[in-house]
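Across the two complexes that follow, chain A remains constant while its partner is chain B and subsequently chain C.
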Partner chain A sequence: MEALTKVYRDQPKTVLFTAAAAIRILAALLFPALPDLLTLRAELSTPVNSFKRSETVQYRKVYSSMSEDSTHTMAAYSTSHACQAQATTAAFAVALAGHTSLHPVMLLPPIGLLCYDRVCVQSAEKGQTSETDGAIADSTKTNVAVDLRSQPQPLQFGLRFVATFICAEAFLFGFSRLILPSWRFIPSIYMTLLELPDLTPNAGLWWYFFIEMFDAFRSFFLGVFWLHMLSYSVPFCLRFQRQPLAAVVLMMGIIAVFEPYANAGDAGAWLSCLCLLGHLFELTSLHRYTFPAIATLLYSTLLGPAFHHLWIYAGSGNANFFYAITLVWSLALLILLTDTVYAALRDEWEAERPEGKGKEIRQM
Partner chain B sequence: MKLSQLLTLPVALASAVLAIPEYSEHLHLRPLPNGYLYAGFNFTASTTLSAYESQHFRYFPRSLGQILQHSHTQELHLRFALGRWDDESWGSRPRDGRREGGTGVEIWAWLDSGGGRVAVEERWSNLVNSLSGLFCASLNFIDGTKTTRPVLSFEPEGTRGEGGGSMELLHGTLPHEVVCTENLTPFLKLLPCKGKAGVSSLLDGHKVFDANWQTMSIDVRPVCPVGGEECRLEIQQTVDIVLDVERSMRPRDDPIPRPRPIEELECDESKSYHAPDTCYPKRKEGEMAWSLSKIFGTPVRGSCHLADGDEGSDIGIEVLPDRLVNVLHGGSNDTLAPHKQNHDLRLFRLPDSARQHTDIMVSQQVIQQVPLQNQPPLYASRQITGFGQERGGMHAVIRNPHPDQQRIVYLESLPWFLRPYMHTLKVQSHPTNSHDKPTMDVKLEKMYYTPALDRLRGTHLELLLTVPAESTVELTYDFDKAILRYTEYPPDANRGFDVAPAVIRVLPNNTAGNGNGNAQGSYLRTTSLLLPLPTPDFSMPYNVIILTSTVIALGFGSIFNLLVRRFVLAEEVPPSPLALRVAQVAGAVGAIVQSLKGRLRGTEVGQSSGRKAAGGEGGMNGSGGGAKLNESGGKDDWAGGATSQDESRKHR
Partner chain C sequence: MALSARLLTLRHSPILLQLPPYLSALCILIGIAWLSILPLNEYSRQTYVSENAILPGQVHTYFGGSEHNVFRAYRQEVYQISQWSEEDRLAALGNVMQEIGLRVAAQPYRFTVAGEEVNGTNVYGLLQGPRADATEAMVLMAAWRNFEGKINYSGVALALTLARYFKRWSIWSKDIILLIPMDSTYGPEAWVSAYHSTTSEVTTTRNISSLPIKAGALQAAVALDYPVGPWGHRFDKLDILYDGINGALPNLDLLNTAVAVASGQMGIGCSIHGMLSHSDSYRDRLTTLAKGVVTQSAGQATGPHSAFVPYHVDAITLKTVGDGWHDEMSLGRTTESLFRSINNLLEHLHQSFFFYILLNANRFASIGNYLPAAMLLAGSFTVTALALWVQSGQVPVEPTAKIAGTGSEEQEPKLEVVKVGEDIALVPAATTKAAEREMLLPTAVVLAVHLAGFVPLYCLNSLHREYLPLALQAVTATSLILPAFTSTALTRQFKTSTQQIQIMQSFSLLLLGATLSTLATLNFSLAFVIGVLASPLSFIRPLPKATDLPFLRSANKQYLYNVDVAISFVSALLHAALSPPVVLCALCWYFGHDVEGVLVEMAKGWAAQGVYTSFVVWAVWWPAWVVGGIVMVSGAVGGAGRQ
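Let's look at the complex of A and B:
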């Protein structure tokens, strides 16, 4: 046991990834029917990530084999590299995630912000260590006079970051074109996301809305839904300038709730990412509705499959049953998201005004 | 004796004279086991290509000819079909299945491919839309999603002279279409005698669509004789029906089946419970008696001998040689003698006079000899497996009863909302009779697969494979059922969607193919399938739009509410001016009430004893002071709030 802890302390990354890979392989070996079972669940499998479908569908072969898993991995990878102030790697990872499914592109502004933040901190630390021989390590807690001239220019950094992203994306398109016979993969991938031709039931808000939508208003509401999703990215960056990691995690939450082919996997990835903001949990549970939200999530997790079965297999319920439960699911996720936004803002405010801790506050 | 050979006999006889008649018609009758009767009508007209191009139409229907010219159609095959051919008891299909269609409407045509893909699609659209008008069928619904381009399943029937441009084959199906009398009437209008005379006078909608199985076909093809004569364009119209003899012979004025009075019944007296009031009906022995006028409701009216050189027979009956067949026309009753070369067949030529009615009668007869039943090349059936409305599987069974292996082409055109997984396609064979031998994978010689595109194109699957001798081949694959937009469902959404039948072409054994018919091989089709799809609630559009929008608005509202406002301590919040004013007014009113109360009490005290007066006054003072204190306290609070706010501003 001690040896294990020692190994973990020495090479935490290697141990973590090895353990993850081992669990994955073991699960596949011990339960050979598991992949089949999982791909058949409506909550988990969507047209965009379905492994079974990817084996047949034209032009998506290369893409879907990378599937949803890799999108999550890429988003997480990008975040971690942004935390290490490696702008190029982070931008490339976002490009890779956005290349397979469109919406991770919305993570670009918060991740750029996070990257910029870390670059600033690093340069400040450098300046500090050269001045004070590394006396103070924690630069975020104490207010230190930072030499603004040694900071990188935000505009310059932003342009460089976006340029890296565009280059990476262009490279990926060129690479895809090399593998595939024609450029037709672009509309067949991105129109599937933009136009929602496939209305297979999933855990999101889009499918039933666009089944029932009147034909004349279909394109209008598709535009509204996409614009709505886009409308969060920049406001989050502006408001959470001091805590860019929160902006990234919240944007992942927005994507998990509002994406066109939503699934439980995305929501799960987001809920695990919430641990990055672990210092906020106390605030959410103290001031907000975390318990009702999580209770609702559990409720819809149990009732969702049941209602899906009633509609599709038993025939004793209709589509409204499952639709209602997806609404409840999205609502619970939204409440959790709003609570996190509140907690992040309050945390920032409390750092500014420590006397307000635990007191009742108002918004103005 | 092969049915198809018999049917081509009159044509063969006529071609022996080396002059193809411009118009000929023929009716072939054949009793089937279990009291069924097969009737195959055949009407063939032709015109020279030069006459066709200069729009001189005599027996070739002008309306159809102009449509074909307009849409640059080289060869047309149109089918309207209903019911199922029971090949287990009826044997092989008439005309080798080449004039048969899948349930509903099926059309395939070779179009001039000049001008590229767009031009061909335009011509196809022109063709199906015009035919839709001509035949009162929903052919105009054959759009891109119902059109496929088969590669192996069909070959042009016509012979073409040199200099013909390239052609492209398009195939469309409408499995949901219900074929009925409104399709038969325009079909008869294409005939020169319009169903008023000749064998076509028997075709009545009530009888044709009361059949257990019926198929109408129209085939237009160019025919170039070998002798260097001018090429001709031939139109062949056929109607094949299988009638239930007993049901068809019910009198028209009393069509509802009722129990017959006991006197009319023939009872089986060997039964133990036989009594004067109990009767077990005796099974009818031998062949049933029937006549044309009873089955079709009318005798043949006159004849339709129009063209020169048409010396062929009009009616052929295929019965056992011992059977008695009578012809009743113009008051005389003759017995029809068997054909000289083929004793199973009797041929009859209608008299030329247009007024006389002709009827053919076959009496009930007990014949020991069992008629030879021709075995079909293959038996095929197809089912949907699985349960639920999310996914399912296709399962086709093809059985080869013959001792030789057979090469077949299996064609499926699936609607786009049925999403097959081709990696799950399995073709396996096992011997039909012995279950000991293991199943083997059948190697697909060729596979053509065009995947579906949502709302644009259906799936086209074509397989070339060999069915081993006396074995059964099972073909399975999985599929998903898509959920559609609510406007895409038909009014009876919960009935399900029809999936077109699979077409199986049995390739001829000798690939060289000496004759035209042999090169085509024979065809059979499975029944159409009913595919249930998940349905949304059709009454909900407004509710769904409102509810989903509410959830989204709730998220958007609460997040942006948090983002755009700043936090302040609750005690720092200044009360609103309105609340202040209300508090002031309430305070003033309270003070007035208190002073009034005080006055009232003061007068009471003045009247009562002096002992209590001190306490009363004290009480009054106390309460009055309390009210004043409250008021001033409120003012202090407000002032304090203001100062603290000022302080907080200074902090910033």
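Let's look at the complex of A and C:
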């Protein structure tokens, strides 16, 4: 036990990745039927990430094998590079993620903001060290006025960031065209997301709505749904200017809940990403409803498959059973999301007014 | 102050933390009481045929006259071939069907259950409906041996007679399949699973050949159980068996149709769960309900029809019971009329209820009326889980400057001065403060115990049948020692705190509550029964030390030690009495079943038919019980738990 703890302390990354790889390989070896079983699960498998289902759509085949995992990896990769103030790689990673499944493009504004924030911090630190020539070792701890003129211009940075993104995207399209025989991959990838042709039940909110929809209103509501999702990106950036990482993680949450082919994998990836905001956990669990929300997630994780079974296989339930559970599932995720919003705002407020720490909020 | 603000201040009220055990107990009481009011007229309904197309009993039945002679001839024939070897018998049955004009096929199957091999062959024939387009079919079934193992002479003969009679009619708009499986469990299971699969995969427990002849989607299946030899026997009532595997039920319309045809058209009384004399009193209704709950919660097959229900094929068994004046022709006419009704269906039975509890052959309680009972029981665990979670986040504030020997000082409630603006108030000081929760160990323990549940599950379902009672004894012994052992190890090795124990119990109960409420939607009765049996787990707390009890403060050491031992002994006994293996044995004793027989049945259900009752017992209930034991013992062995 102690030896394990020691190894973990010394090389946390190695241990973590080895454990993850070992679990992945063991799962594949011990349960060879697992992939087939999982691809049949409505909560996990959607037209966007399923290899099996994509066989009808020619070009999705090439993409789907890499899409789901790589989208998450790329989003995380992009965040991590933004945190290191590497604008080019961050923009490229967003482009890559957006290239395989459209909605990560919505992460562009918050990631750009995060990147800009880090760039400012870096230039400030650089300015300080050059001014003081390292005379004061702990200069970072004291608050030193930063010369705003030496900071990079936001507009200039933004333009450069967007330009990098567009170039990367153009490069990726060109590269895709090189390996694929025609341009037809563009509609087959993006139209699947934009037009929602596949209404197979999944963990999201779209399918039931569009099953019920009269065809005449279909395109209108597709627009509404997409606009709704889009509409969070910029407001988050504006409100969380001082915490760009929170904006990125919250936007990921919005995508996980409201994306057209939602699945448990995206929600799981988002829940893992919540660890990036670990400093807010105390606030959420103290003031908000983390435990009930997670208990609700547990309930819907169990009830979802049961109701899907009752509807599809046993024939004794109907679509409303399963849809009700996807609503509960999304509700629980949204409660977690709003709790995180609350905690992030409260954290900001408490930083301004430390005397308010631990007090109840009242409407005056 | 707005209402919401008032509610928010309420959440710090100490009363709120005292409430959950009572709330939990209330949930359990209401949940159990709920079932007892269902038999009342206000909470149950008269059954009615919901599907318009069925038109039960609206046709004249022509089965009779010379068909009786045919039946008697077939019954003699069946009796004859029952003396033959199995091979010859199958050939003979095939020949008879061939002569009737059916397309005949056979399907051999082999199951390996509890270390024993079961071999058999299904013989079946397809009657192509003159108006059918091969998209829909109904099944007429007569197992060679009925569920009790008796040879189903008259049932098989009647099915053959009916097939011969049906062949002459031009009205069938669905194909009719005559199925004669060799037994009432494995045969139908092999047939229906092969009917619904495209490939025949050989596994360690089953080897089923694929079917050479198939028809369309099965609309309904009716099994005849009439194990009377060539000398004949007049019966009193038809017992309608309807429970499917894992408590799945056929559509209520099929049952209603059978009851309407039998009692309305033919004048044959119908009974449910073998309740031959049912006076429709509260008591009889409650007995029927209880029998239904017990049968459904076992989840086992109750007849040849059971295998069909999980495949979304509505199926029932008509079983003749008692001594009366109805003969085989009445049963034949009932079946004819029932098939005419099914033949009328325009789409799969879907109108009526799939979830119901029958109180009588023509009275039922629908899901909306009975589901709250199981949900309340499941909810009681969630309430306690939430309460424990909240408690685990608050540790008592260390008493400041406590002077030894001044007992009177502690009695006064501590007050502190709160000053808001101009106002000054004296309020009781907070007795608790927020604490960070240590969750790794509790999570690991709960997970490990749940994984450990697979050991008894595996042992009791895969060992040879002669070792099963021994395995159960071993499981019982291990189960009884395990909580005490684990708890001691945890307190001594890992120095578990009160908080960790609370979190452990909270997680365990949360999982139990969530699983049971899920289960309630699949198999209400099983969730209800497990919920009732596990309900005391909500109230388990670490055993108090005699030294901590206020009324024993002045007692001497020896006396305190005796009290400790007494408390531990009584609670250990109570806890042991509620353990899954002990309850299993007690239930066997109560219902007068042989333990080995029950274990074999469970293994059979698990291996051959996918009955998940044993999974629920060993992987849901057992772990929750073990964690309860760990929590309870932790108080006795823990000494002063780390806060």
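Criterion: the second predicted complex is superposed on the first by the 320 of 364 C-alpha atoms of A that agree within 3 Å, B and C clash if a C-alpha of one lies under 4 Å from a C-alpha of the other, contacts with A are read in each partner's own complex, and residues count from 1 in each chain.
One rule holds for everything that comes next: a contact is a pair of C-beta atoms (placed from the backbone, for glycine too) under 8 Å apart; a residue touches a chain by one contact, two chains touch by 3 or more.
The model shown is predicted, which means the values in this text are computed figures rather than measured ones.
Colleague: Could you say whether A:F210 touches chain B, chain C, both of them, or neither, answering first, second, both or neither?
Modeller: After superposition on chain A, A:F210 lies in contact with chain B alone.
Colleague: By the touch definition at the top of the document, which applies to A:Y313: first (chain B), second (chain C), both, or neither?
Modeller: A:Y313: touches chain B and chain C.
Colleague: A:P201 in the overlay: touching chain B, chain C, both, or neither? Say first, second, both or neither.
Modeller: So A:P201 only meets chain B here.
Colleague: Is A:K359 contacted by the first partner chain B, the second partner chain C, both or neither?
Modeller: Touch partner of A:K359: chain B, not chain C.
Colleague: With the two complexes superposed on chain A, say which partner A:Y299 touches: chain B (first), chain C (second), both, or neither.
Modeller: second
Colleague: Regarding the shared-chain residue A:T18, is it in contact with chain B (first), chain C (second), both, or neither?
Modeller: In the superposition, A:T18 touches no partner, neither chain B nor chain C.
Colleague: With both complexes superposed on chain A, which partner does A:S219 reach: first (chain B), second (chain C), both or neither?
Modeller: neither
Colleague: Tell me which partner touches more residues of chain A in the superposed arrangement, chain B or chain C.
Modeller: B
Colleague: Return first, second, both or neither, reflecting whether A:Q241 touches chain B, chain C, both chains, or no partner chain.
Modeller: So A:Q241 meets neither chain B nor chain C here.
Colleague: Shared contact residues on chain A, chain B side and chain C side combined as an intersection?
Modeller: 313, 360, 362-363
Colleague: Chain A touches which residues of chain B in the complex?
Modeller: 387-391, 419-423, 451, 454-455, 480, 482-487, 534-537, 540-541, 544-545, 547-548, 551-552, 554-556, 558-563, 565-571, 573
Colleague: Which bits of chain A are touching chain B when the two form their complex?
Modeller: 40, 42, 52-53, 55-58, 197-201, 205, 207-215, 228, 231-232, 235-236, 239, 257-258, 311-313, 318-320, 323, 327, 330-331, 334, 337-338, 341-342, 345-346, 349, 353, 356, 359-364
Colleague: Please output the residues of chain C touching chain A within their complex, sorted ascending.
Modeller: 1-2, 4-5, 8-9, 248-249, 310, 312, 348, 350, 354-355, 382, 385-386, 389, 393, 434, 436, 510-511, 514-515, 517-519, 521-522
Colleague: So in the complex, which bits of chain A are touching chain C?
Modeller: Those residues of chain A that touch chain C are 282, 285-286, 291-292, 295, 298-299, 302-303, 306-307, 309-310, 313-317, 360, 362-363.
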